[in-house]
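Below are two complexes that have subunit A in common, paired first with subunit B and then with subunit C.
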Partner chain A sequence: MLTPADIGVAQAGSLLGQTSPLVKLGLALAWLIGLLFTLDPGPPAILALAAILAGLTLGGIPPSRLAQAFAPLSAVALGVGLANLLFSASNADPAATELARVGPLRLTTEAALIAGGLAARVFAIVSVGAVFAQTTDPARLVDALVQQGRAPARFAYGALAAYQALPRLADDLATIRQARRIRGLRGGWHPRLFVSLLVRAIRHADQLALAMDARAFGSGPRSTFRPISWGWRDLAVGAGGLAVLGAALLR
Partner chain B sequence: MTTTAAGPAGASPAATDPTRWRTRDILVTAIIGVAFGVAFVGLNAAWSILAPASAAAPLVAFLLYGGWLVPAVLAPLIVRKPGAALYAELVAAGVSALLLSPWGPDVLLSGFVQGAAAELVFAFTLYRRWSMPVVAVAAVASAAAAWLHDWVVWYPDLAMDVQIARGIAMAFSAVVIAGFGSAALARSLRRAGVLEGFPD
Partner chain C sequence: MAGPLPLRAEGVSFRYAGAARPALRDLQFRVDAGCVLLVVGPSGSGKSTVARAIAGLVPREFPGEWSGSIRVGDLDVSSATPADAAARVGILFQDPASQLVMDRAEDDVAFGLENRAWRLTSMRARVPEALAEAGLGGFERRRGTQLSGGEQQRLALAGVEAPFPSVLVLDEPTANLDPAGAVALFARLATLRAARRSTIVLVEHRADLAWPLADLVLALDGQGSPIDFGAPADVQVRSGARLEHEGIWLPSPGLAPGSEDNPGGGADSGGVPAAVDAPVIVEAHDLRFEYQRGVAAVRDLHLQIRTGERVALVGPNGSGKSTVLRLFAGLLRPTAGSVALGGLDPARIAPPRLAGLAGFVFQDPELGFLADTVGEEIAIGLDAAGVAAAAELMERLGMPLAAFGDRSPYRLSGGEQRRLSVATALARRPSLLVLDEPTFGQDRRGWEAMAEIIDGLASDGSAMIAATHDERFAARVAAGAGGRRLEMADGWIVA
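After this line comes the complex of A and B, so read on.
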């Protein structure tokens, strides 16, 4: 759980893996914003299906890996759907058709339709996010943000350095928990654990900063180790993604 | 901006412009974002359990909401640089997205609005006041932005009284968890001695 999911060779070498992360990020946000304009379950269902198919074929994601992302999703989709069903404004509308009555709550067909559409929206957005996360190498994402997105290099690479410290934080957590057990404290979870972990994390950040300063981090124009340039894949994926969005919305 | 030649990144803090980010400021803010991005995995799981339970106990899940806003308050409270709230919350959101958040890319949008709202409050004080009321207002601003965002994206159809109740639960949670919680965390960290060289 604490270690970042490694992008497999198949995913990294696939069409989606070779596309600029910036294009994928832009598309993910475009699909998200496009979905906000509809409460109908149709378009999100189409987009979810398109994202999953693209992830499996163009992204080379093994189906079992993709399935992992959908475990927490079902609960969230249920939560969002249920909240919109139970507390919908149309439940109070006398003109709405009554579907069922649960205790003091009156559920209407209108509310159920909208709740279904919103649960589908969760499904679509998560599918897009899963495909993005499983075809995008974090280092490549940051390279693209800096080289193609003109993000400030010190902040972007600082974040990457901190992100790559994650496995080390996982080790620290194991050590801290062992230390607690040796002192006779309970082995489970305790808020103090998080404070101890933050202490270790900040120490680690200090050491990283020192090491990076010693190598003149951010002190002037640098050459790039992994140059990224726009290519035909970016155009193809970008145009294809927008076409699917358009087709789903204007169907 | 002062005209002092900013030495190599990370030169002694006294010699440089106080708004300039040292490498240490960047790394500490980023690692707070990363640590909370990971903590969000647990928070997302708790939410996934509590949210469907809203049928029995409405809006209880929203009392967790402040947990998502902590980086936007804690990081600026420690490094006290312009942009720290936005940077920390965006890093946390990005890590959360890479670790397969159940909200997909929307977590980036959430992180942006939450961080930006807290940032605005700190900017209004010109990054000079760090008292508890300012921290609490920043936490509430962040919750308000999240409330509006969630209204549009996830709960467009709720009855108005439910929207307001949701907002109150979120504001309460933000003050307790993100406001007082961040202040307590910053105090613990300072006592542990890891914040030497940061303003207090």
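After this line comes the complex of A and C, so read on.
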């Protein structure tokens, strides 16, 4: 999870890969906000399906890869649905319609609808996130934030550099835990782990900031090596995405 | 292209805020445009501070008391704006991974050019050129995180060089590299020196590689005062004995036997084999380990280490040395095959028992520290007698608890951290001592202290295994009684 998604050439060159990350980010946000206006399982299910289909066709994501990206979180979606189905208050409500009886458990249609709605919503969020991550190079996202979104360069490139350091921090944590074991301390979590890790993270960040400053970062106006401009793809993907949202909600 | 500029330091002294003593005292030097200045000194002599000061980072980014001036051409970098200093001086640091800002190689090289607002067409011409110069032609779209340490460091060098700095500062650029990586980086430095495109300042421990490149040598003592400054041959004649006394590495007259020229030489010329009836401490059969399924980091490993034996494990970065050490010490569980430590499965031994069987010095000792002071760190898990023995050990390592006991382990120099780590590993008299790169960045005195302690182990009835890039150290281990040298490549023991 911590390693940056290494998106392939096919994904980067696809329609979604060439679309400005800001458009995709805006669209994802619009879809999620749109979902707040309905409790039905229908619209989120449609949006989840649309995201997956778009990812596979317009995004060039290999199916196995997409499955890998959202398999763990889909399990969460199922769990949320199941928990709500089994433990919903409406199961105890005598006025609710009985759907099925499993041993001592009475399952009602009302509970099933709510559970389905919640599961579909988690599923939609996971699908949209997976498709976004699988078609967006982290560096390109930061470029778009700076060039098109006018985000401060120091913040954006600093965040990118920090993101790159995550796998290394995970390795450090593994070594810190091994060091505790070899010194006779039992495993598990201990506040000291965070102290050691924090020392590492701060040291790393200091060193990185120093290296960035020494390379003239923030010393004046910047130019860009990877210019981004708005194009027809941004319009097409933006309009198409909003149309799908509209269709899902007004169906 | 600006071309090289002369460098001049006058009366430079600096004390970091909160430090008890100055890091630098009254430095004077002059380097002509296009020459190479080598800065040498024992650990804690302020070499890195000199490097940072030339790049204008000290005192700007590090608060403290500064006096004197460093001029690059006519610019006083100690009071210059970040933009002016960065326009003239580029600096390469020790740790390659914490210098790469962007994801892809070409983007990272372009980063410094973007910051100087280069035009796009100039960048598109310069970026591939800088990569090719660093021996990384065709690496444009590769991810920095997926390169080897040596490649990462050359990528970082390409990024620092791309804007044609007038002065290029390299602060222990090979400290984290294996011998092949260090040789490749030095080959690049030799080309740069021949081109005389930049004035070069090099801080480096590897004397055999660095001294032949230098036009001038600045030697510092442990207090940050200059010992000598001049042409390498003159410095060696005038102050050779003094440098040696300070624990500074000097180039060897001819290369030492068993060094780079003679790889594998130590294996058969190795010392007396340990007694075949000595108790077996580590035994591995068909050992295999995979970090990712299907990709073996260690494979088909058979090895027996007996009491009194000392094994030097050599091989390039990524050949599986550190993984072998962790398997032997029970820090990783084998994917297949078996390993026994004192007859037990080390991955299943309860930590308190394991600590008595094996001591481990990590490549990055800081990751192993558990306490807030050196005194507490040493005492973890020991009774009174153990603490007394540990205190004596610290004395032998040149870090008496009277002076170091109250200091934070995180604030020690790299060499001191490693010695502290050795002391904590040895304090319980483990039957197996495991060392990952024990001589990294050590000055000569630290190196010799380490070698003597390892000599003493054999008589204590323990065994030792060390992964090392330091051929001199490997040869020393292999030459003694019970010594062996094993070479790894791609997860296999090949010699």
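The rule we apply is simple: the second predicted complex is superposed on the first by the 194 of 251 C-alpha atoms of A that agree within 3 Å, B and C clash if a C-alpha of one lies under 4 Å from a C-alpha of the other, contacts with A are read in each partner's own complex, and residues count from 1 in each chain.
As a convention for this text, a contact is a pair of C-beta atoms (placed from the backbone, for glycine too) under 8 Å apart; a residue touches a chain by one contact, two chains touch by 3 or more.
Small disclaimer: the values here were computed from a predicted structure and weren't measured.
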{"item": "Subunit B versus subunit C as contact partner of A:Ala83, first or second or both or neither", "value": "first"}
{"item": "Which of subunit B and subunit C A:Ala151 touches, first, second, both or neither", "value": "neither"}
{"item": "Partner chain in contact with A:Phe217 - subunit B first, subunit C second, else both or neither", "value": "both"}
{"item": "Contacts of A:His204 with subunit B and subunit C, given as first, second, both or neither", "value": "both"}
{"item": "Partner chain(s) touched by A:Leu56 [first = subunit B, second = subunit C, both, neither]", "value": "neither"}
{"item": "Which superposed partner A:Pro138 touches (first subunit B, second subunit C, both, neither)", "value": "both"}
{"item": "Partner chain(s) touched by A:Val128 [first = subunit B, second = subunit C, both, neither]", "value": "first"}
{"item": "Of subunit B and subunit C, the chain that contacts the larger number of subunit A residues", "value": "B"}
{"item": "First, second, both or neither for A:Ala92, with subunit B first and subunit C second", "value": "first"}
{"item": "First (subunit B), second (subunit C), both or neither touched by A:Ala28", "value": "first"}
{"item": "Common ground on subunit A, meaning residues reached by subunit C in one complex and by subunit B in the other", "value": "4, 138, 161, 165, 199, 204, 208, 210, 212-213, 216-219"}
{"item": "Subunit A partner contacts - residues on subunit C that touch it in the complex", "value": "55, 57, 61, 81-83, 86-87, 89-91, 93, 95, 97-104, 106-107, 110-120, 123-124, 127, 143-145, 159-160, 163, 326, 329-331, 350-352, 354-356, 358-360, 362, 364, 366-370, 380-381, 410, 424"}
{"item": "Residues on subunit A engaged by subunit B in the complex (per definition of touch)", "value": "1-2, 4-5, 25, 28-29, 32, 36, 39, 68-69, 72-73, 75-76, 78-80, 82-84, 86-92, 111, 114-115, 118, 121-122, 125-130, 132-133, 136, 138, 154-155, 158-159, 161-163, 165-166, 169, 194-195, 197-199, 201-206, 208-210, 212-213, 216-219"}
{"item": "Residues of subunit A touching subunit C in the complex", "value": "4, 6, 137-139, 157, 160-161, 164-165, 167-168, 172, 175-176, 178-187, 192, 196, 199-200, 204, 207-208, 210-227"}
{"item": "Interfacial residue positions of subunit B with respect to subunit A in the complex", "value": "8-10, 21-24, 26-35, 38-39, 41, 44-45, 47-52, 54-55, 58, 61, 87, 91, 94-95, 97-109, 152-160, 162, 185, 188-189, 192, 194-195"}
